[in-house]
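So that we are looking at the same thing, I have put the structure below in structure tokens.
As written, the chains take the letters A, B, C, D, E and F, and residue 1 is the first residue of each chain.
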Amino acid sequence: MNHFLIAPVVLPALVGPFIIMVVRHHLDLMRIFSLASTVLLVAISLVLAAQASSGEIQVYELGNWSAPFGIVLVLDRLSAMMVLLTSVLALVVNLYVIGSGWDKRGANFHALFQFQLMGIIGAFLTGDAFNLFVFFEVLLIASYGLMIHSGGTRRFQAGMQYVVYNLLGSTLFLFALGTLYAVTGTLNMADLAVRVAEIPAEDSALLRVGAVMLLLVFAIKAAVIPLHFWLPASYANAPLPIAALFAIMTKVGAYAILRMYTLVFGPDLALTEGLAGAWLMPAALITLMIGAIGVLGSYRMGRLVAFGAITSMGTLLTAIALFTPEGVTAALYYTVHSTLAAAFLFLVADLVTERQGIEITAQRVMPQSGLIAVLFFAGAIALTGMPPLSGFLGKLLVLDAARDHDLVWWIWGTVLIGSLVTILGMARAGSLLFWKSHSITETEVDPTVAQDHQPHQLHEDHDSSAHGKVAPTARATVLPFVACFALLAGLVALTVFAGPASHYAEATAAQLFAPETYIRAVLGEVTP
Amino acid sequence: MSLFLIAALPFLGAVFPALLIRAGRNASASAAGLTTFLAFAGLLLHAPAIFRGEVIQVGVDWLPALGLNANFFLDGLGFLFASMILGIGLLIILYARFYLSREDPMGQFYTYLLLFQGAMVGITLSDNILLLLVFWELTSLSSFLLIGYWKHLPEGRQGARMALAVTGSGGLAMIGGMMILGNITGSYDLSVILQNKELIQASPLYLPALVLILVGCFTKSAQFPFHFWLPHAMAAPTPVSAYLHSATMVKAGIFLMARLWPVLAGTPEWFYIVATTGLVTMLLGAVIALFKDDLKALLAFSTVSHLGLITMLLGFGTKIAAVTAVFHIINHATFKAALFMSAGIVDHETHTRDINRLGGLRHLMPVTATIAIVAALSMAGIPPFNGFLSKEMMLEETVHTHWGSSAYLVPGLALLAALFSAAYSFRFIGHVFLGQPRNDYPAKPHDPGFGMWAGPALLMILVVLIGLFSATLVGPLVAIAAGAVIGGAELPYYSLKLWHGLTPALYMSGVAVAGGLLLLLLHRPLMAAWNAALRPEAKQIFDRLMRGLTKLSQLITDGLHNGAITRYAFVMMLFIIALSYYAYSSGTIQAPTRLAQTEGPIALIAWFCLIVATLAVVAKHRQRQLSLVLIGVVGLVVSLGFNYLSAPDLALTQLSVEVVTMILLLLALNFMPKDSPIESPLWVRLRDGGIAVIAGLGAATLIYMLMLRDFSMPSISEFHLANSYKGGGGTNVVNVILVDFRGYDTFGEIIVLGIAALVIYALTEAVLGTRVRAYLLNRKPDMPQAGDAHPMMMVVATRVMMPLALMVAAYIFFRGHNLPGGGFIAGLITAIALLMQYMASGFSWASERQRMFYHGTIGSGVLIAAATGLGSWFGGVPFLTSAFGYIHWPPLDEFEWATAALFDLGVFLAVVGAVLLALESLARFAWQPGISSEHAMDINPARDDLEQAQLQAQAPGKHPGLQAPGPHDPSTKGEV
Amino acid sequence: MDMIFEYLIAGFLIMSGVFGFVGSFGLLKLNDPMSRLHAPTKATTLGVGGVLLASMVHGLTVEGSVSLHELMITLFLFLTAPVTALFIAKVHLHRHETKDSLPPPADDSNWATHTVIEPHPEQD
Amino acid sequence: MNPLSIEFLVASAVGLLTAAGIYLILRRRTFPVILGLSLLTYGVNIFLFATGRLMVNAPPILNKYADVAYTDPLPQALVLTAIVISFGMTAVVVMIALAAYLSARDDLIDMPHHPEDEGEDA
Amino acid sequence: MIAFATFFAFVCFALAILMNLWKIISAAEIADRILALDAMFINALALMILYGISLGSEIYFEASLIIAMLGFVSTVAYARFILRGNIIE
Amino acid sequence: MKLLQRLVPHPILTLLLTIAWVLLTSTWTLNSLVFGFLLGIGIPFLTQPYWPNQMRMKKPLKIAAYILLVLYDIIVANVVVARIVVFKPNSKRRPAWIAVPLDLRTPEAITVLAGTITMTPGTVSADVSAEGHALLVHCLDASDPDAVRDSIKQRYERRLMEIFE
């Protein structure tokens, strides 16, 4: 029995409570343990990824109950990849948060952070549909805490909306799971696959309802239009480094769609035909476009990047909605890219807002303007999918994968026009932030203008640091920049090693489109 | 030198200038120059092979899944362009070293420049169209940086963004075109694509591919109607302009048209699109250039015009036209770079670029004047300079070209363009350098240092030499480059020489020069007419378009995401309902397999209560406390229902959760408004009601249908029922599922609770850290308060009730594995028991007496659960594997132990901690000075009488009843 | 013997039903708030008590097991019912009675519910 | 359809709770929204519970002595988990609503934002 | 006979609950509503035990026990809310 | 002895809890008794801070007698109240407030008295006076409030005085 499978879930689950119980009053110790846990998590994830890369699917039977009666963890290439991505991102964000001192601005940050990781990783590893729900809840509730970390009126209000919207999603999840259970009598995903395949076609209606509700749940997480409305306000009002971590959360939705709709409701399954394909593609394309328009139409940093993240989700889901091995290959590559890119830009956005507030306006030159400008430029390149960073390659992969699709012209047109609009938006923001400021000298700053923006920058709360405006002591420490450059390095590596990366993605896609292996690994040779 | 290295060198070198700038401007410039020189030298090393007609190829797989390979190749065309880019690049680096002032961040400049140079070299060397796209987009990005280099100039920012918008969109169109091209041929490698002319031109996708690629080329090369960005890019420092608009950026489009000429050209579509665009651009650019007063703007539009010329030539699709195009590319690069640099010198020295403020510079800066005049004459097409040669060949070609049925259209317009071209060249010479020196220049001009004019001077020499000895000097180069353009086919007959005899082209040249002179003479009235004429100002249109787009985007974005979650949720419901209905209606359903079970009046009455209470909640939801009471009814009935339907565990859980939730809500409601106003208009309420009813009907129908049908296969719970006792050691199957079969779910569930408590705590800290704290401290109750906050009877009853309740909790806890109950319910009951104490004596009094560390309680709960799970590792079995057994200690009977109980203890602790932490947070909100009482109950005659007696002993004569506020007055203990 | 127990059980059940009904009926019928308080807090006590007794006897005879845990419920009800009533009465006193509408509290200053001290929260 | 069947009663209860919950969630103040979430939670819990089909007097407590019918225990366990989770969620959402109210002194759940009239870069 | 008596009691308590419900919804005064809810808890408790008797099962005992305890707590909480606003001050 | 007092602060409570456990489990075994006793010691120990003072009750027989008396009164009370509720028109009923001055001083005793009043015929304890020297009692139907007051003092308070003080 390979206990490594449960390690990435148990580790944060132990470190979280440990931090609260033992070192709650020692910031340095909290940081050390949190960081150490994250580093260890990366190490574990690397081991798991190495194990998964052989192509063998590993199963961990919790409580020693075999599937489908107990809950199993399943490690395949996809889950290993997502776990690794999560832990790497977590490490970087953790560095940033510590470096920028965001963790000091509210209570219990590191414990919540650990639990957040536990939830995300648990969701990636589980092989049980209801357990997926449970871990969705774990990651959600931790995200509620992180989202309102350090407080503030607007953040609370946005937090309220975020929670309510997601609670509706969770409710839908239960409706879906109930329906699936009532029809099939099982919760294990592999078992579901087996049973769904045996249900006669003339008895499809109720199962279809369950399947589509499940898809909608994941679509909410993945921020597919018109279920994306939770995202802009929550990401924009969350502490931006947290939003950087949240870049992986939308991917959980995408992951779940990919998992369920290759394993259980595969593209060849007649029973659920037309449920995913019919609307997901158009919806993904509209999502992409709405995100792009949002980038151009944003006048605040957080919102800008949030819409950027929506665009990238649109692109990602476009690739997924192809439901072909090529599409999934592209989607997986793009998943890694867009996670790193969105996180990167969120961190840069935080660097900016920490120095001059949340509005995208020209103000006087900020400290470290040059360095930040370089980072912003790189982040914008990454997120808009311009060369030389991996976004361009990812986008080309998506376009290439779509070439045999019925909607190929729509896909190409939307992806390309969406890129253009995003580029325009980013260029506008960048030139306002980093260039126009140079035409404003100290004496030229118009106090009345500053006054005008006041209500939007500074809410009635006292802690100005939480909400931007120019933090008077916004002194640079190295760590935030290290974090940013680490993500940039990740993007560069993903570009340079696009070959191996895409090869892994290809193998993963192949694994996903051969669900028999997965089913056999989980249920053994016997079919019930 | 490997092509990899040549392509990489500028990028590698780009690092140095920015780093070395601390070592000085010379170091920075030298690093840039050296890198460029190395790359150039490396390129030239390949010259012998290239001139032998060889093609050099290197390649490595990059993204094989896509067919994107890092393949480079060098042929004549690539060689020509790469040499121009690197050669002129060298001159520009030298020139810029002297041109830029001390205030300009030179390191940045050279870094951007090298990035740009690398991207351009990459384009010319790419053997893979996707790779080419990478470099293509990189040129857009790096030119964005270069054009916006002077951050403080608004024109710079706008120009940069405009260039990015136009070339960027073109680039994206080109991606589409290239993808199509790759799809047609099955490969993205250029060398493969170039072999497939028939395949491509026969494909139905030929036209879309062609159009998309051409959009990319035209935007990059500033062809009509995309020409407008180029003049605005002139806000860049002149070295940039010189580089971008002579040798590089704008030539990228030309390069690509030439590159793909073998497979795309030769069709009518190609001819009509490319040649026509080129022709129109050539004419339009020339006309506008004549009326520009800004030196650089004049040159910019002349560039537009000349690019149109080259495009037109490529568009003719004939081999000889292609040769001419290649030749003009070389010529234009030389004279235009020289002209820009000269204009830059003029600007640099006189501090103005306004032609109206210049004149007579021939006397003040003779060197510059010589260079500029020679280059401008070449531009005008005056022999013996090189511009004349290629323009002559061009005119010759137009004569042989029919547009539709018209034989005169092309030559006629070309002649007109040549005429205007001569005119603006003459104006450039005449109005800037000739005439009398003036005394009102913004700065006193004189020739600059050698470093600055060395570059243009070299180019001027080339202009002259190529004009005189074209065949010798550039003949081979033209041959190999043109050979590559026409795809290795045999070169047509042509000769590069000044005198071709009395050809129609010569007459046309003559007419052009004469006409040009005439136009210059008439310049003043023409200018007035031009200024009076109404014409579309591209920049304004573009600006308006961009502003409109931005505004529209803001409108759409803010309109869609208006912050109204009521609408978001409505849309969500609508979508869910619609899709679910679609899923249902597009499937088929069989007849029910189960019979509905008829029930008696009791169930009916419970159902009735539920319905009425639920409807009442909706109807009375504005009275908040009442709706809480009604929700309590709903919860009660639901619990009864669970019990009735064989789910005692659920009933217990539901009941206890119900009460705790209600108390949390009451605690919160204390701070909030007690009523909700009517806000939604009637139609909104009807709309919401409508969607709610539909959703409810959907849910009801779904579950009704499900309940009347059997599982399609036996449920896995049969295994649970069969193995609960054997394998899990418990007879309460629900509990065994919770702590054993699906203990992992429960583990997640207590983590959720723990997190909830952490969030609540953090949130409380955050709220109390703001001015809300002051508000809370000064908050007056919004309802009148009664006295006797901690009634004696309640306190006394609680003293007995709480231990009893804890006993019940223990009972529920220990029997849970076999009978209804378990850690969660026990935890809630314990919490409720403590809550009873809080309600009786107040939170502060109670918690002072028993300092519970709630964080620790939760943490230990989670840790115990996790440790129980981990314990199974020692048995070599997976996480959360349970064990149970029996112990017999005489004289006691045998009793059972199970690790599941330990796990349940974890659950218990987490629940208790979470609930109490939440309560504590609310108590902290409510805390006000003096709220905490030192006594359990406000009124206690035994205690008060004793105190009274003591007090009277100290101060006799006071009647206890009249004394207020005395020590026994509740006010001194309860509130204040 | 069995017959007796059966009668006993039936009697308890009928009694409980009657009192249960009357308790809630009183809630509707009685026309002043304090009087309404009498009906349910009393009648339901005996109503439930009857059921509990029936259950105990039933357990003893029909099921054959001595289960007295119904006594726990009784204990709970006896402990809580007066407190519940007190609180509801206090709500009434608080909202509808004044010092003057009530008899004087012997030699004490006032009734506890009406001894209200305005809180004077201080500036932090 | 048998309107007196237990299935019908349960299904209609699910329907009504869902409908009432959704209606309240679409209100504009945080408090009714929370009420609505509670109702909706009841609805979905009953739904989930009912997926095990309904049985009277067959609790899933193993009887060593008799061979009796048991209702499906699995949905019950799932509902228990769901109840606990939604309890945690409710506690959090109540506190956030309170925090938002105290900070903004306003319990509107919608968050209208006011796009400034912003000029283009000049 | 027991069956009849049980049924009788069932009907009585069920009717009682309906009357409680009516009062909760229609009462003009919050104290009455709390009172009615408390009565409802008690009646529900009785119903639960009756149900146990009618089925001959002990399984439903705990629910009654919990109701006895929780009905008290919620009644006190509602009342305290009106009396003091803050129920755990 | 001190230690024993600290460990078992409320012996009666311990007894009550042990009985409660046995009642709850309804299993009459040694295991159950031992376990119940352990809990009966543990729980009062944990909750002692909330009940700091030692409660003294004398004369256990009197306690039993009092309980029987009250039970009897409760049964009567229910019949009486039921009759009033069902048959007596509202207009004929004479609801009344009465103040009962107290001789009892300990909170436990007053609480038991108030509880008794509430559970017995037509009376409800509605409040206590600000200094704890009187109980406010509401009568459902009392033509002679003073008689009710005297009967409370005689029938219950006197007995409680003997038990508690």
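Here, contacts are C-beta pairs under 8 Å (C-beta built on N, C-alpha and C of every residue); 3 or more make two chains touch, one makes a residue touch a chain.
Remember, it's a predicted structure, so these values are computed and weren't measured experimentally.
Note on connectivity: the fewest chain-to-chain touch steps from chain D to chain E number 1.
Path length between chain E and chain F in the chain contact graph, taken as the least number of steps between touching chains: 2. By number of C-beta pairs in contact, C-F leads over the other of B-F and C-F. We define each chain's centre as the mean of its Cα atoms; on that basis chain C and chain D are separated by 33 Å.
Each chain gets a centre from the mean of its Cα atoms; for chain A and chain C, those two points are 56 Å apart.
One finds 48 Å separating the Cα centroids of chain A and chain E. Measuring from the averaged C-alpha position of chain B to that of chain D gives a distance of 36 Å. For chain A, residues that reach two or more other chains under the stated contact definition are 130, 134, 137, 141, 144-145, 148, 151-152, 156, 161, 164, 168, 175, 178-179, 181-182, 187, 233, 299, 428, 431, 436, 460-461. Along chain C, residues 18, 25, 37, 41, 45, 67, 69, 72, 75-76, 79-80, 82-83, 86-87, 90, 92-94, 107-109, 112-113, 115 each make contact with two or more other chains. Shared interface positions of chain D, defined as residues touching 2 or more other chains, are 25, 30, 45, 47, 50-52, 57, 59, 61, 74, 81, 85, 88-89, 92, 96-97, 99, 103, 109, 111, 115, 118, 121. Each chain pair that touches appears in this list: A-B, A-D, B-C, B-D, B-E, B-F, C-E, C-F, D-E.
Against chain A, the residues of chain D that register as touching in their complex are 25, 30, 33, 37, 40-41, 44-45, 47-48, 50-52, 74-75, 78, 81-82, 85-86, 88-89, 92-93, 96-97, 99-100, 103-104, 109, 111, 114-116, 118, 121. If you check the complex, the residues on chain C that touch chain F are 18-19, 22, 25-26, 29-32, 34-35, 37-39, 41-43, 45-46, 65-69, 71-72, 75, 78-79, 81-83, 85-86, 89-90, 92-93, 102-113, 115. Touching chain F in their complex are the following residues of chain B: 787-788, 791-793, 795-800, 802-804, 806-808, 810-811, 815, 837, 841, 846, 849-850, 891-893, 895, 936-937, 939-942, 944-945, 960-961, 968-970. Those residues of chain C whose C-beta lies close enough to touch chain E in the complex are 6-7, 9-11, 13-14, 16-18, 20-21, 23-25, 27-28, 33, 36-37, 40-41, 44-45, 47-48, 51-52, 54-55, 58-59, 62-63, 67, 69-70, 72-73, 76-77, 80, 83-84, 87-88, 90-92, 94-95, 113. Residue ranges of chain E in contact with chain C, taken from their complex: 1-2, 4-6, 8-13, 15-17, 19-20, 22-23, 29-32, 34-36, 38-39, 42-43, 45-46, 49-50, 52-53, 56, 58, 61, 64-65, 68-69, 71-72, 75-76, 79-80, 82-83.
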